[in-house]
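Note that chain A is present in both complexes that follow, paired respectively with chain B and with chain C.
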Partner chain A sequence: MSSLAALGRPLLIGGLGFAFCATLLSAFGAVTKRPGGAHLGARALYAAAAMVAGAAIALLIALGTHNFAYEYVTSYSSRSLSGPYLYGALWGGMEGSLLLWTVMLTGFSAIAIRGARRRDSLLAARATSVLGGIAVFFLILLVWPADPFTTLADVPSDGRGLNPLLQSPGMLIHPPLLYAGFVGFSVPFAFAMAALWSGHLTDEWFRSTRRWTLFAWSALSVGIVLGGAWAYTELGWGGYWAWDPVENASFMPWLTATAFLHSVVIQEKRRMFKLWNVTLILMTYGLAVFGTFLTRSGILSSVHTFTEGPIGRWFLPFLAAMLIGGLVMIALRLGPLRSENRFDSLMSRESMFLINNFLFVAAALTVLWGTIYPIVAELVTGTRLSVGPPFFNSVFVPLGLALIGLTGIGPLISWRRMSRGAFWRVVRVPLAAGVLTSVGLAAAGVRSAGALLAFSLCMFTAVAVISEFGRAARIGDKAATGAARFARTVGRNRRRYGGYVVHLGVVLIVIGFAGSAFRSERQVLLDPGASMAIGDYTLTYAELERTSTPEKERIALHLEVERKGDSRGVLVPQRNFHRAQRQWQSEVAIDSTPIEDLYVVVTSFDRDGTAAVRAFINPLTWWIWVGASVMVGGMAFIFTAERRAPVEVTVAAPAARPVPIRT
Partner chain B sequence: MKARLVLVLALAGVVLGTAPVDAASTDPQDVATRVAQEIMSPFCPGLTLHDCPSDAAADLRDRIVEMASAGASESEIIAELEREYGPGIRAVPESTSFGLLAWMVPLIFVIAGIGVVLFAARRLSRSRIPEGEEPISPAEREQVAREVAMLRDERRPLMDPTKRRALEAIMELEDDLTTGKLSAADLEGLRVRYEAEALRALKRLESLRIPQNIGGAEGGPSGRALDEQLEAEIAEIRATMVCETCGDVKRADGTCPTCSAP
Partner chain C sequence: MDDNTMAVPPAQPNRRKFLIGGAVIALTLVGLVGWAMGRPGSTSFYYTTSEVLALGAAPASTDLRVSGKVVDGSIERDGLTSTFDLTDGRSVVTVTTDQPLPDTLKNGSDVVARGAFDGDSFTASEVLAKCPSKFKAKT
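Moving on to the complex of A and B:
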């Protein structure tokens, strides 16, 4: 069984060969309009996908059989590692992550191309060529500088084990989801490039990849939130987002992708923003690749050092080729990319989408600027300067608040045109709710201007979105009941109402963020039997518990928690010594309620049992995870609409329409 | 007028409500927390001292609490740490010389963005389609209304996109009137435009229905045009194969297997 792992490298080389063939054959088939070439190209892509998947299975076998002849297995696993974490080590290191990335890339490409060939085989052939080209790049990395199958001359008896921080359930899901998000965007990117290449710039490229865009965006969203949840429960600093370069690397493409998701609606409905949409998808994919470059190159200091490696510099030429190629193609197709329509009025949903796009892109560029600023500063001044969370918060929060307000106003405004009177009619109730929230909270003693503004905007938006659901019950057959009309309207417009549910989730998340304005913390040296106070809580040192296993030594502090005199049970923060890595790590204990989290971490123990305790009160953090769940519900609802998206038949299209190739 | 007054009062409420700002606490622990959030950790790459989990960072945080207890202000503590660890320790660039650029660039993005949005909005909103181009007869209006009703009842699963888009626009305009987002006057102005668009699409589809000279002879459609004609025909024929009541595919004799409608 263990010897099967030896197939890994030959499979990768074979995958590279097939990906190369896929690129050339599909391009040949598309350009010469020869169905045979396109057909063979697609087959080569499927073969590449199968071989890369085979290589990943080979690495999993090597991990599962503790085959320490492989450097990767030695570096990221050990005999004491078992169950899901043993196989999760596949993405515990740089080479394995890259392999997982390529498995997804070729797998997604194969699935997307298989579906798209039925709709428009020449567009699919061009997209195959682009996707094959991207796969060639990643496979070159895997075959040369980041080979996960490098063998060791001296085979050790045990490995160094997986970083203990990565041994948490969140880490099993968070990286694959982020990769799925990043990689998922290669599908709409490839189809956009294919459409530019063919010059046939109808809506087909984003229609045939709509599910992929939505899937990639959903995966990235959930991946980012899970990353935050992991940081919150594992890192022990009481927060969930640190504006670290790697976090920013996932956030920037998310921002532009969110802009894209909104702005394709305009292209679909009004045949406008064609140029802008291809630019946005180029930007999104470019930022995803740029983020990978930033984090793999070690050019910026980040907590995610476990992903660093020698491959960073390989990304620059790839990124440059992609961006220059994309921009040249866009420049060559400016004619067909012109809008076919005009705004009926500035006071319209279309304008709201325009502002939405401006805010998202400004936010993405701002995050990009803050992320690369240390490099720019060092290049220009020779001194290393830093930009940390306070900088990002002060520049990002105003944009974020504007976006939240827009989330409320946007859906209230009708497409095409709205008179001032009508606007006032629909906006007054949400506005009153927002104002009352602000006044009420101020009367209750809340004094943070930012938080008051955030809470009122959240209330405004929540009421606005809920009122849209109310209006759904008024549309349709007058004879039917309100409930029937509601079900019918919502059922027929799942993307719109699913989107509103996502918006409600975002509002809840922002409420959670705003709660951090009231965060407090205390750091105390606690002797056995002593108590500490934070907020309404009293924490009493009850006992110390020591246990030992072959993997780790565990010291657990039992803290009795009282809130305003009522017992809330015992919290058990821990310090664990991981023997394989010879590393101490804190395990956080959290008492979470919708109002606030009591978050306790022990940073060290003295010999006499004295514990250095860091306690935080994190108000409203609970709502972030609830909001994320609501977002997932909304996304799932939108997916049910995508299954029943109507097939469109283009009649008498003015531009050249490719003749379907029968295979 | 009354509404305006409410709005003004409401805005005043927001301003009054948000005006008082909490004075920063001088408790040494709170001062230390704020300082730790303003400086990067010398021990963990990319994290603030506040967020850094290393033991050395915990020691430095303790030292900052001592400095604050001894009466040092936030800026004094940060200045002291900058002397020790260099300017890179500041998590927020100072607003002087090159540090100013960090703050200016986002502002430039926002201002440039607003410029682009205004430019795009002005350019895109110039109306290309003349208002009320061709007068629409009551019969034509009726025809469009029938098509809209069919779309509303989901009786047309397959449809030419131009026609569908125009019909959907009319449907949305009617819905916006129902929900109070559109005034009757606005509706009329916009409706005429989309009715004209829908009619153009309908007429084009009708003209495609009678192929005059199949095979590419003089005046007749050839090659691609023929393909498009056929596709259009198929689309329209498939639409007639679907039951108008329940949306199921009809039997060969024209009756519906589900609801037995003729």
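Moving on to the complex of A and C:
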């Protein structure tokens, strides 16, 4: 069994060969319009996918059989590691992560190509060639500089084990989801490039990859949220987002992808934004690859301690080739990329989408600027500096508020143009709700102007979105009941109403973010029996519990919690000593309610039992996770829409809903 | 813009409105980024211990980052206050902090401390530790 792992490297080399053949054969087939070549190219890509998957299985076998002859197995696992974490070590290190990335890349490519070949085989052949080329790059990395099957001359008796921080369920699924997001964008990217290459710039490239875009975006969204949840529950600094370069690396493609998801709607409905859409998908994929480069090159200092591998310098030529190639192709196709329509009015759905895109791309460029500014500054002035959270927060609070307001206004405004009177009629109820929220909160004693604005905008947008659902119950057959009309309208426009559910989730998340304006923190040295107060809570040191297992030593502090005199039970923050890594690790205890989280962590113990306790009150944080779940629900609902939604032509129709047009 | 569109009003005044609107938004965003860069804490300089000592108690020393390795045996805790020595191999700076030390901070680990230097000791408001040896394969 263990010897099967020896097949890993030959399989990778075979995969590289097949990916190379897929690239050339598909290109040949597409250019010479020979279906035979395209057919062989697709077959070669399937073979590459199978071989890479085989290589991943070989590495899993090596991990599962504790085959410490492999450097990777020694570095990221140990005999004491078992169950999911043993196999999760597949993405515990750089080489394994790249292998997982390539498994997804070739696997997604094979599935996407299989479907697309039935619809437009020449477009699919060109896309195969692009996807094959990307796979060749990653396989070169895996065969040479980042070979996961490097063997050791002296085989150790045990491995060094997986970083204890990574041994949590969140960490088990967070990296694969982020990779799925990054890699998923390969498919729409490849089809966009294929369309540019062929010169037939119809909607086919994004229609046939719509579900991939949505899948990649959903995976990236959930991956980012899970990363935040993991940081919150495991790292013990009371927060969930630190604007660290590695976090930024995942956030930048998310921002441009969000812009892309919105702007393709315009191309679909109005045949506009064609140039912009191919540019956005190029940016998104470029940022995804750039993100991988940032995290894998060690060029930036980050609290995420990744192996600073030798592969960073391989990425820059790849990224440069991709971006230059993409831009040249776009430049050559400016003619077919022209809009078939133009803006009728500033007060239109189209221009709301335009502002949305503007803000999202500006947000992405801001993060990019903040992330690479240290590199630029060092190159230009020779001084080393870092850009901290205050910069990002200063930009993102106003930008985020503008976007959340736009989320509410956008869907209310009709396509093409809308009169002021009609605008006022749809906007007055949400606006009143927003203003009332401000007044109510101010009366209740909230004084932070930023928070008042944030909560009002959230209320405005929530009411606007809910009113869209209310409208769904009024459209249609007069004889039917409201519920039947609602089910029919929503069922027939799943992408639209699913999108609104996602918007509601975003509103809830923003409420959670706004709550952090009221955060408080206390650090106290607590003797046995003593109490500390924070906010409405009193925490009393009840007892100290020590337990010991072969893997770790555990010291648990039992804290009795009271809120305004009522008991809230016992919180048990812990400190664990992981023997294999000789490493202390704090285990956070959280009492989470919709109003606020009481977040407690023990940072050190003295011999006499005195504990250094750090407690936080994090208001409204609960809503972030609820909002994220609502978002997932909305995404799932969109996925239930038919695979290829019928073309909803609104180009000629004046507006989505009857609105008197005043010119 | 091409001409095969449907009957729409003349585009010129419209187009100007869009350009003006776009320019206003773009300038606002650029202003926002510029303002944010200048806010306290947005950017801070990164120094080695020798550079910090050379800087002394200059006004620029109130918000900076110092990086180095923890000197063996220098970590001390007294209640909530901790001190440790950082070195770049040539000089040593003592760091004092009332923040909890990261669990990965040990003798010899790479540390970035953020705070102020008064010419004598470094008072940190944030301490980050890296421990590459833990995650990196040593052969």
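Here is the rule we use: the second predicted complex is superposed on the first by the 641 of 663 C-alpha atoms of A that agree within 3 Å, B and C clash if a C-alpha of one lies under 4 Å from a C-alpha of the other, contacts with A are read in each partner's own complex, and residues count from 1 in each chain.
We adopt the following convention: a residue touches a chain if its C-beta (ideal position, glycine included) is under 8 Å from a C-beta of that chain, and two chains touch if they have at least 3 such contacts.
Quantities reported herein were computed from a predicted structural model and do not represent experimental measurements.
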Inset, instruction - Evaluate whether chain B and chain C can sit on chain A together after superposition, giving fit or clash. - result: clash
Inset, instruction - Using the touch definition from the top, say if A:346 reaches chain B (first), chain C (second), both or neither. - result: both
Legend entry - Contacts of A:71 with chain B and chain C, given as first, second, both or neither: second
Legend entry - First, second, both or neither for A:605, with chain B first and chain C second: neither
Inset, instruction - Could you tell me if A:639 is touching chain B, chain C, both of them or neither one (first, second, both, neither)? - result: neither
Inset, instruction - Go through the superposed model and pick first if A:87 touches only chain B, second if only chain C, both, or neither. - result: neither
Inset, instruction - Using the touch definition from the top, say if A:163 reaches chain B (first), chain C (second), both or neither. - result: second
Inset, instruction - Using the touch definition from the top, say if A:586 reaches chain B (first), chain C (second), both or neither. - result: both
Legend entry - Which of chain B and chain C A:28 touches, first, second, both or neither: neither
Legend entry - chain C versus chain B, contacts on chain A by residue: B
Inset, instruction - Give one of first, second, both or neither to describe whether A:469 is in contact with chain B, with chain C, with both, or with none. - result: neither
Inset, instruction - Choose the clashing stretch of chain B with respect to chain C from the list 81-89, 135-143 or 207-215. - result: 81-89
Legend entry - Shared chain A contacts, counted only where both chain B and chain C touch the same residue: 301, 303, 305, 339, 342-346, 351, 355, 358-359, 362, 366, 369, 373-374, 383-391, 394-395, 399, 523, 584, 586, 603-604, 612, 614, 651-652
Inset, instruction - Would you pull the chain B residues touching chain A in the complex into a rising list? - result: 3, 6-7, 10-11, 13-14, 16-22, 29-30, 33, 37-40, 44-48, 50-53, 55, 58, 61-62, 65, 86-93, 98-99, 102-103, 105-106, 109-110, 113-114, 116-117, 120-121, 124-129, 152, 154, 157-162, 164-165, 168-169, 172-173, 175-176, 178-183, 185-186, 189-190, 193, 204-205, 208, 224-225, 227-229, 231-232, 234-235
Legend entry - chain C-facing residues of chain A, complex: 71-72, 74-75, 93, 152, 163, 301, 303, 305-308, 338-346, 351, 355, 358-359, 362, 366, 369, 373-374, 383-392, 394-395, 398-399, 523-525, 581, 583-586, 601, 603-604, 612, 614, 651-652, 663
Legend entry - Contact set on chain A toward chain B in their complex: 203, 235-237, 239, 242, 244-246, 269, 271-272, 300-303, 305, 339, 342-346, 351, 354-355, 358-359, 361-362, 365-366, 369-370, 373-374, 377, 380-381, 383-391, 394-395, 399, 412-419, 421-422, 424-426, 428, 431-432, 434-435, 438-439, 441-442, 447-449, 452-453, 456, 471, 474-476, 492, 520-523, 584, 586, 603-604, 612, 614, 646-653, 656-657, 659
Legend entry - In the complex with chain A, residue positions of chain C that touch it: 1-2, 4-6, 8-9, 11, 14, 17-18, 21-22, 25-26, 29, 32-33, 35-37, 39-47, 65, 67, 77, 79-80, 98, 100-101, 103-104, 112, 128, 130-132, 134-137, 139
